[in-house]
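Shared between the two complexes below is subunit A, which has subunit B as its partner in the first and subunit C in the second.
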Partner chain A sequence: MALPITYDSARKLISVDSEVSYPELQDEVTQLNKLAKDLISIQGEIPESAEPSNKITPLLKNLITSGIDALRKKQFKDAIQKLTVAIEMQQKRANWESFGVQLTELNGILQARCDAYIMNKQFIEAYNDADILLSTQVNTPDNFLRKAIASLNLGRLEDAKVNLERGLCFHENDKRLIDHLNVVNRAIDLENGDA
Partner chain B sequence: MNSRYSYDENNETWPVFILAILSVAVIPLTLQSIYEILFIKSKNSTTTIGSIDESNQISSNIKKFRSKNKKSKIFNKKNFILLIGWLFITSLIFKISTTEISSIPNPNNFDPYELLEIEYGTNEKDIKSHYKKLTIKYHPDKIRNKSDEEKKELEERFVLITKAYKALTDEITRENYEKYGHPDGPQQTLHGIALPKFLIEGKSSPFLLAIYIILIGLILPYFVNNWWKRTKSFTKKGIHNDSANLFVENLLNYKPSEIVKIETILKWLSQSKELKELLPSSKFTEENESNDEILEIFNKFFQKLELKHYELQIISKIPILIYGLIDISSSFRNTEITNVAIETLKHFIQRLTPSIKNELLQLPNVDVDVVDKTNIIRLSKLLKLSNDEIKSTLGIKSDDELIQTLSIAKKIPILKLIKAEFKVPGEKIVTPNSNAHISIKVLVKSPLHKGSNFVKKIPEIFLKEDESFEYLKDPFKIVNEQPILPKTYAPYFPVEKISNYIAYIIVQKDGKIADNPIFVQNLDLSNLELSQNQFENLENFKIGTFKIPFNQPTPNELGKYQFRVIIKSLDYFVPDLDFPVIMNVENPAKLEEIEYDIPDPDEDSIAGALAQLRGDKVNRIDDDYESDNDDDDESDLEDDEDFSDINTDTEDESEE
Partner chain C sequence: MSAFEEEDVIEQVSKISVFTPLIYVTVLITALVLFSNFYRKRRFNELYKRQPFFGDNLPKELYFQLKNNNLKVNEKVLKAALLRRGAESIRRTIKLKEVTPFITSLYQRGSIGDELWERFQTATKLEELEVQEIIRETEQYKKGWVQKFVPLLQEICFNEALRRRYAAIEDRKLDLLDKWEIEVQDDGKLKIPNQPKIQIVQGPNGLPLTAAQVQALAQAQARTKASSTSPSVTTFGPAPPENLKK
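And then the complex of A and B:
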């Protein structure tokens, strides 16, 4: 039985036959091609360890610091732009570079960008960033607060309540979470006409 | 051995035979349907507390469909067959009672005791004397002045008496009697068939044969096959295996980055086999992978267009499919899909498309365009407005319609959480490795009632549960004792549905479902009838209880475990209950160790021997002859030191 995969030796790429549709297979093949391309494109030796590349790290660091600076100066649009570029650049890291390092790096950028979105009142974007942060198991009170504030401002009171309560499960005495939960509960009562 | 068959020439036995078979089938079935008529009916009756009359709202189309689908409890096929069964039984009983039973004595029946007119177990001496008396009475030589026939009969009797006597006294005859039941040795065996002869040996025997062939060769395999096919192709939850596979496949391929929407669930549902099978044959082909036909029907339904019979049938299958999907998605621990599946079901039941105003739109006589403009989204907020304001908010035209709308709106139950905690029956705390459940106390209120702060004022005493032995045996009894929920107000859904709630536990750590959800059908809605005053003064006030079993034993390690519980109505758009519950696993308080002053058993007793095997202390017997000198010395020494302590115990301790 012939596999629905063909290898193009000239371009050194694998492709899935267009007739069959396996979205998961397509995903994996794309990943594999990227990894192969990354490995081919290094001119020198194949790296022995998963150390992050020296070229990108300082550039990224510069971008992140300037993004956070902009955030401090309340230039939110500028901050968002810089951080978004940082995320894009971070995505360009080669596939073999340590995933753990990449993830913490990404989380750091996302947290900053999420704050920038919130301050710029782009709550849907902020919600998405906070959602990614929480789904990668970074259960810090800040992240719960980020998501709750975003959903509160989007009018999703129940969602905000659930996130604050979840945050309080892990950080029982976090003052900010408790305060926000009170605000949300009051808003829910108001919405129900119970206040 | 000779044997022959005797047929039921006199039509005596076969009616009894058939009566027996018939009654085995008919009587239990009759009892079952009587039970169903008497008891199940009362459960589903429309007069349950908190039910909403929807008869004015139902369109004629739906009404027709419901009455077609509804099986009458009394006039149905099963009861008709039962009736025929009973007619047969009565006619058979009549026949049996009128048939005279011919009493031909069976020549094979030989009872020596009866013949000799003595009691069983009489000793040989008495037998002999009795026999002598009888021989005198029946001896052929003694018979005079009798007709020939009588003479013959008496002679036969005499022979039998002699045989009987021999059977009890003579060695060989006795052996024959004991072995074969007759003094003359083996007799002909008779086998009776409870069928009239004409059926078997007459012209109709091929007919009987044909019946046998049809019964065993065709009908039986047909039923077995049908039954097997059904059990094979449907899952426990009643959905088609192909549909279940499809759901599993969809869940496996589901990417966490994708957002699940109601449309996603609709698409999954539309691919399911049982819905496709309901399409008329012109539109259904086995290879037809596309599900546009069914999506089209969903669309028509949500656009409030009139549906054909088969289309309504397709819609009526949705709850079962969604229950199946919920079961599968919760096994995958997928919170998002489970949530959206439940929402989808609600949208079907109320025939509404996704909108944040659905709490208002589920009411009758509502103008969608007017509701669109208001910024009220909650039912309870709406009902706190004045009647005129409600009228203008919902776009209701007449006062009659408003009264109708309000009467329905105020009966939609809203739940408020009072208290939720993990409980281990018989314990005040949650102990490690025990069977726990979550006990949830809720306040059932009408949207009309004010009550967010009120929840905190409810006295503890209302929340106390019975701690009796009965409760320990079955902690869920308190839930099941609550009345069954009424029928859902769902005038546009093709079939009637009993209201229910779904409850599930989510692990806070990863945000995934902990266990399969439970469906709850018991809750007391009588609070809905209370006025605000009665409500606040706790008059006739009822607290609702939910209990969610926690299927794994509680963790072995002490500490706090965080969970979140969601309770959703499967019928109405109302705020869900969604709250955190923390399981605090603690060690049970240790009992104070009481030292019982039980003396150690003596060395030479059985208890002592056992204690020695266990390595416990025993009382040594001070046998002067066997005790060592060392021992003596030591004890002497100790005795010198402390005279009060002449207990042999110390001696043992020092030894060990």
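And then the complex of A and C:
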């Protein structure tokens, strides 16, 4: 069966026919268009290697530095804005560029943005960022702590407890995790009327 | 055995027609061919009806549709489609490698049936064929591209997965808010349930009134209202709302 797509030869873009609702195909077409655009923008016939582009790296570094500076100055909204722009910039890297480099960059930005969200009391956003961080960087106690703090402030006490306990499985002597687990346990006792 | 008996045996053997073995072989071969045809048809139908191990391979379908398009598709768009097809193949191969020890172990213990085991084996064979076909296609675009092409596929596969995960963040946030029944304000901060709404009461000059002024105003309004309805009864104004006291 033919897929409901149209090719625009002038813009070199593929689109899904508007009358069809096919989200999976739409995702595929979006990713294909991005890859095709990146491929067209390079000079050679094919990408030679997975080396990251030197054009984006300095811009990205500037944005991350200014975002972290804003975070240190306690300008949390500004920090969130700058770090979000940095993520958008990072996402512009071609998909064939080294995954290791891209993952490290994204994790670095997400860590800073998650902290900014926590400081700005945007806990659901912080929870989501910490969730991504934990799925890509499990062996880091800070990420367990981030997710637990977000969960605690969202009123998800059991979730917070689970995350702290999971963190302690990897780093059993981490003082921050132990302290926060005590706080969460007290909150659970209080909620249950045991305190 | 006597000489007469030997002659009888020779006579009996010589009576068999020369066509008998030919007919025998023909019947045997025909029966085998019929059985083979029947078996292969049945097997093909079974395979055709069998639920695939993976879902639709959209990148592959997209590639073929673009390649066989009547319009002349840009070669780099075709290369991009081939790269995505290869990345999908890598993803499936990794998934198959991940589940191989578990499926093998479950099958050996009898925890899964033959049907799932055969589906898994078919998927493994299909992926091997798919990789070979992609490599052949790659060589059609540029000789010697394979050495550079294959390492990029893994990067594309992983990077796309990471982007998909990041892109899902907004939908995930809405799902969680809905699931946990949490409301957030426009600035992303939580709406605390039962939090009193703070009213800012403006005075005649447009400036906000202090709590004492608001209290006095409320008492005055209450007194006016009470005197208009029952002038004989002395009333004391209602206590101001708790939030205004703050």
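As a convention for this text, the second predicted complex is superposed on the first by the 160 of 195 C-alpha atoms of A that agree within 3 Å, B and C clash if a C-alpha of one lies under 4 Å from a C-alpha of the other, contacts with A are read in each partner's own complex, and residues count from 1 in each chain.
Keep this in mind: a residue touches a chain if its C-beta (ideal position, glycine included) is under 8 Å from a C-beta of that chain, and two chains touch if they have at least 3 such contacts.
Since we're looking at a predicted model, the values are computed, not measured.
Looking at the superposed arrangement, the partner reaching more residues of subunit A, out of subunit B and subunit C, is C. By the touch criterion defined above, A:135 lies against subunit B and subunit C together after alignment on the C-alpha atoms of chain A. In the superposition on chain A, contact of A:96 is made with subunit C only, not with subunit B.
Judged by the touch definition given at the top, the superposed model places A:193 against subunit B, while subunit C stays out of reach. In the superposition on chain A, contact of A:10 is made with neither subunit B nor subunit C.
Applying the stated contact rule after C-alpha superposition, one finds that A:35 touches subunit C and leaves subunit B untouched.
Contact with subunit C, but none with subunit B, is seen for A:122 once the two complexes are overlaid on the shared chain.
By the touch criterion stated above, A:45 is placed in contact with subunit C alone, subunit B being left untouched.
Judged by the touch definition given at the top, the superposed model places A:161 against subunit B, while subunit C stays out of reach. When the shared chain is aligned, subunit B comes close enough to touch A:23, but subunit C does not. 24, 135, 155 are the residues of subunit A that lie in the contact sets of both subunit B and subunit C, per the superposition on chain A. Residues 253, 256, 356, 377-378, 380-384, 450-453, 508-511, 562, 564, 575-576, 578-580, 582 of subunit B are the ones that touch subunit A when the two sit in their complex. Touching subunit B in their complex are the following residues of subunit A: 23-24, 134-135, 137, 139, 155, 158, 161-162, 165-166, 168-170, 188-189, 191-195. Listing the residues of subunit C that touch subunit A in their complex gives 56, 58-59, 61-62, 65-66, 69, 71-74, 76-77, 79-81, 83-84, 141-142, 145, 148-149, 151-152, 154-156, 158-160, 162-166, 169, 172-173, 176-177, 180, 182, 184, 187-190.
The touching residues of subunit A, when paired with subunit C in their complex, are 2-3, 5, 7, 9, 12, 14, 24-25, 27-29, 31-32, 35-36, 38-40, 45-50, 87, 91, 93, 95-99, 102-103, 106, 117, 120-125, 127-129, 131-132, 135-136, 153-156.
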